[in-house]
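Going in written order, the chains are labelled A, B, C and D, and every chain counts its residues from 1.
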Amino acid sequence: MAGIKSLDELKALRDKHRESVLGRDTGDSENKIRITVGMATCGIASGARETINAIIDEVAKEHLMNVVVVQSGCLGYCYAEPTVEVRFPGKEAVLYGNIDAKRGRELVQRHIKNGEIQKDWIIEKTFNNI
Amino acid sequence: MAEYNLDHDKLKKLETYIDNLQEKEGALINILHEAQDIFGYLSKDVQLFIARKCGIPAAKVFGVVTFYSYFTMEPRGKHVVNICMGTACFVKGADKILAEFKRLLDIKEGNMSEDGMFTIDTLRCVGACGLAPVVIVDGKVYGRVKVEDVEGIIKEYKQD
Amino acid sequence: MVKYRMDLLVCGGTGCQASGSSEVVETFKKEIEKEGLENEIQVITTGCFGFCEKGPIVKISPDNVFYVEVTPEKAVRIVKEHIIKGRVVEDYLYKEPETKEVLHEQNEMPFYKKQLRIALRNCGFIDPENIYEYIAVDGYQALGKVLTEMTPEKVIEEIKRSGLRGRGGGGFPTGVKWEMTRKSKSNQKYVICNADEGDPGAFMDRSILEGDPHSVLEAMAICGYCIGADKGYIYIRAEYPLAIQRLRIAINQAYEFGLLGKNILGTGFNFDIDLKYGAGAFICGEETALINSIEGGRGEPTVKPPFPAQKGLWKQPTNINNVETFANICPILLKGADWFSSIGTEKSKGTKVFALAGKVNNVGLVEVPMGLTLREIIYELGGGIKGDKKFKAVQTGGPSGGCIPAQNLDTPIDYDTLTQIGSMMGSGGMIVMDEDDCMVNIAKFYLEFSCEESCGRCTACRVGNTRMLEILNEITEGKGTMEHLDELKELGQIIKDSSLCGLGQTSPNPVLSTMNFFWDEYVAHVKDKNCPAGVCTALLKYFILPDKCVGCTACAKVCPTNAISGEVRKTHIIDQEKCIKCGACMATCRFNAITRR
Amino acid sequence: MNMVNLTINGFKVSVPEGTSILDAAKKVNVHIPTLCYLDLHDIKMVNRTASCRVCVVEVEGRRNLAPACATEVTEGMVVKTDTLRAIKARRTMVELLLSDHPTDCLVCEKNTQCQLQKLAADLGVRKIRYKGKMSTYPKDSSSESIYRNLDKCIMCRRCETMCNEVQTCNVYSAVDRGFETVVSPAFGLPMIDTQCTFCGQCVAVCPTAALTQISHVAKVWEALSDPDKFVIVQTAPAIRVALGEKFGMEPGTIVTGKMVAALRRLGFDKVFDTDFAADVTILEEAHEFIDRLQNGGRLPILTSCCPSWVKFIEHQFPDLLDIPSTCKSPHIMFGTIAKTYLADKMGIDPEKIVVVSVMPCLAKKYEVVRPELQHEGKKNVDLVITTRELADMLLEAGIDFASLPDEDFDNPLGESTGASVIFGTTGGVIEAALRTAYEWLTNETLEDVEFHSVRGLDGLKEATVNINGEEIRIGVAHGLGNARKLLESIQKGESRYHAIEIMACPGGCIDGGGQPYHFGNLEIVKKRMEAIYTEDRNKKIRKSHENPEVLKMYKEYIGEVGGEKAHELLHTHYTKREKI
């Protein structure tokens, strides 16, 4: 990266990456399923590292090319760590709590592969984002 | 460097760190962190070396070391058990966890066990209040620790 | 561009979809087409409104009417009544369970007043170690906008107009602080981010640094532009290794992308950021102490004035804000001061992140608009008290704050109301206590903290707090007198009045506020030599219940002082003189025959 | 200058911008008590830690009380110092300090001189309401000079400010925190193992008895009562202009005659004057200077009469140890002369002679045990007491000092000149040396012996003297911080001076660490200085090389100035020391 030289360059870069992160445009077939694992201190201490490794492993095992696994900070649901968010392109994200490595693998199988939302593991989001 | 009763390689490492600092003014605390990482604790000789190397009075270095609870002048055990005594942990019984560690390792807070394996310390809130009470061993965080868990945690580290 | 006169916003969140929102959308579209209104009325599927329990949810804009549990049948009627005839269908509106009062507007509904994430907007959403993700969510756009379109004065004006106040505890208006530093004349100025989150029980800053480090870097650069500084420091606790690591990565990336360093975005503006580590001293959260610490000295506070804005780091004008304050800057500049100031209460704008901990079910971080009540936070967001115990108090503001009792649960909280009820906003720690917590003991805990963390410089704090703690010890050991209580009050007041810095000036608060709200509990310790919550060991007595004791002798065997006597199969008795209150008997008894009072 | 108007206790007052509430209050005759605060304006030492909180006052519109010493006045400020709230807070602060302070006032070294004690009396403290743990620390009597009893430390930090900012010795730092905070040397080392120069300025500013001197009073009494000992005493020039203060006399009163009489009444066998040896010092030092000047020795030459300053250079500038003069300090020279020349002359076994020095200085106590200053393992000076200790002895002996007749020093070591008298103040040594060096170099009589440019309280002073057509540049520094500046310039090769006088104590010996406490009133020091110059003017002989007894000694015993015997008896060498 050679450094961004102007605001226009910055805007272009934003637009380029916007879709893949926000994943809101259903029309774009390149959009992938995004699995976000909360990897703040609380999460890691509760086993988020094991969870994310298990998920990555499972995704690889299943050759799920349309899935990206990312780490993120903390959503604030400390009582339910580790937390994992699954977002299909164009759909509202689903937030799961208490996802240990085992559940992580199951999540890949059930939600990602088979599209079954795991209702029992869902935690209700109690926030609006700006 | 023969005048200091310190490991030569470690001293060299510290010296290199200090030499490479861009901003030496005000770097004392970062230097002390580095020194404690290298030597495990800040002995008198380490402090003297830093003082003379940076042209800071030894009394000032000592004053700083004794001010911050993160710095220690005592050798530490191979494994450092930190029990969080933040409010969230306190109301969830961190004092009982601390007592259990002290009982099982038979040492006081801040001290090293006779075999040099463990040091028990307390700290104020690691910000993992959701997991209270929290114990950290060598940087690994254990959450929702119960008194019964303590023995197991110790065992985990006793083996190596 | 087509302009619709009305929007039908149908929630497409997981919960609403599960309860059939897609059918509702279909029905709306069909009905509107039938009426030939498709060019006037737009049906939009939105993200989760977060009120899944009452889904599917439909909001009609601009009328701001809010229907819950909408079915296809209801949709038909909504189109006929509301959209065509302009009559609100009262039956379908949300009814508050307790009052049964019908609420029209979304923002009147209790749920929607709850969490609004501004400071935490990206936490848990983007990958903090990937700058592209931050850029994708408008990262560094505010910096770009400021550098290319706005004068420093204009930015400061915007921040001032937003009403943002310091989130570190003091609540000083951020814009005013920036303006003061801008006005101080000097060739060298500094920006400091206070990331020495020392309140035991608060971890919002850690969360932001771990989840969205760039937002802090960007805001610091903006601040630098405004006050005329080209150098920034982040003073961060050594206890936060992950946050340090993520900050390091973020700083390196920002330099690599030309978003820090020389000639940022080709505007000629330079800004550098360095990390400075704390080393375990709570007092370094105080501005002047923090500056002394960054300079490599003992973290002792110095007298203000001069304020850091006049004479700060290396005696140069310095602006210090904490992490959460900085995290609010970019949204304000991108969305405008008006937007920000529309959130919150009259004097406290925007949101505040609270770290909810202690005896609540949902321990965690919540970001809520100012003005929410404690009850809403604890019972609705926090899920109520753990184990269905009785709520006793909530401690806010850490060692500087106070304990708020049940009677104040409905106080809308902002900087000023909390101060009025003898507590403080502080950095946002919120520790919930239940009936098992002894308030004298809690006060002692906080005072112990303040004593240990006192820098030792001034008499009031160094000796005064120690003496207060000693009196509290007497009280919890059953040696307290009513005179002690008077002494505590008077000494506490004088320490507040006479201490050099913020730590000393607030350290008696936990004691004074508990004395104010839980006076009876203090009196019980002093007069009755009794700890109602059963916490203060010295005041406890163990008894054997004759009707439950089977005379198994187990308790007598474990008693380390041989305080328990009795014959086999006969009721045992505890000699109170010998008892050291270790509780071993109670733990051993299999018949629940031993009780503690 | 911008003026600021404010009201204090209802009185309107107008003061320059930047004035503290404390100083503004003085203008309307309102006295606000202080304890940690100390302003030694003339030597640029201000301790404004605002830590004791004893000066808190009410300021309208302010949430809490303000420390008067550290709060600047603002336009329209309304200050109240006499409200119940302020008075209660102030008294509570003193009570809190007392609750962590031994109440052994009656037997305390500082009894009646302690500022905390005075404050408690002034504020009418009759009861200490608070009880609890007390700070206790090991007492430090490791050095010969400074006694540290930190149980009595009230954390005013004056010693720290003095040591680190004025003297730049950097021995002290606050260590630990919270209730355990205390001022200490590095690693809690005993003073003897530190780079402390024993100037005693920390002792001079300590408000309590946390820092005092190691007392030799008992040992002096013992020697005086031993019939086998021949006890002689020497008094430094600065004693005679300060001792009177301890007996209620005006600062600046010259009490030389009464002092001699009093010492005689204490039972000293001979009462001599360090001034005699000061004249000897000038002879040797001037000779050394001329030698270096004429034979290409290293310049500048530095005076070496101040043991504190000598220790300073040994620790801080070990690479410059070849520049100080090799002359012993006058009081050590005196001891050597007493145990050789005098013993010889009087036919007394030197073993039986006990030399007692009365010094304004604490470092002199340390100096006498320096091995290189001893003769075959025996000290040349046996005991050193300070001006304060002498006053204590006189009180104890029941000597009515004020009504004593004036008496003269004994011979031969009581003879002195005006040149030696001015050793007692900053600039004096170099002025005395100039008087001699000038005449020796030019073979002309110096008519005006007074060099005014090296006088006064400026930290750094200089003078240029034309000698045989050459400009001889003289520098003077007093206070070790000022000395450091000169030494650094020498180190960098930037110094233009030929000779430099350095005294460790600001003001020189008149404000030494063993002088009567003045607690910040530098007017007292200025009066002592005036008195010194008056004493000089009153002397018939004002040049050292004209002291007849000195010349006689050289003739009879030592031989040539700067000769072999002179070197053996009167010169010394220096040792590199560690920084710690």
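Please note the rule applied: a residue touches a chain if its C-beta (ideal position, glycine included) is under 8 Å from a C-beta of that chain, and two chains touch if they have at least 3 such contacts.
Note that the structure is a prediction, hence the values are computed from the model and not measured.
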Pair with more cross-chain C-beta pairs in contact, given A-B and B-D: B-D
Central chain (by mean CA position): B
Interchain centroid distance [CA atoms averaged], chain A/chain B, Å: 36
Inter-chain centre distance, chain B versus chain D - centres from mean C-alpha coordinates, in Å: 44
CA centroid of chain A to CA centroid of chain C, Å: 26
Whole-Å gap between the CA centroids of chain A and chain D: 73
Set of chain D residues in contact with two or more other chains: 173-174, 176-177
Multi-partner residues of chain C (each touching 2 or more other chains): 203, 206-207, 240, 281, 298, 363-364, 453, 455
Shared interface positions of chain B, touching two or more other chains: 60, 63, 67, 126-130
Chain B-touching residues of chain C, taken from the complex the two chains share: 197-203, 206-207, 238-241, 274, 276-282, 293-299, 314, 355, 357-359, 363-364, 395, 398, 429, 431, 433, 437, 442, 445-446, 449, 453, 455
In the complex, chain B residues that touch chain A: 126-131, 134, 140-143
In the complex, chain B residues that touch chain D: 44, 47-48, 51-52, 57-63, 66-67
Touching residues (chain side chain A, partner chain B) in the complex: 41-42, 44-46, 78-79, 81
Contacting residues of chain D [partner chain C, same complex]: 48-54, 56, 64-65, 67, 70-72, 85, 88-89, 92-93, 96-97, 99-100, 129-133, 154-155, 173-174, 176-181
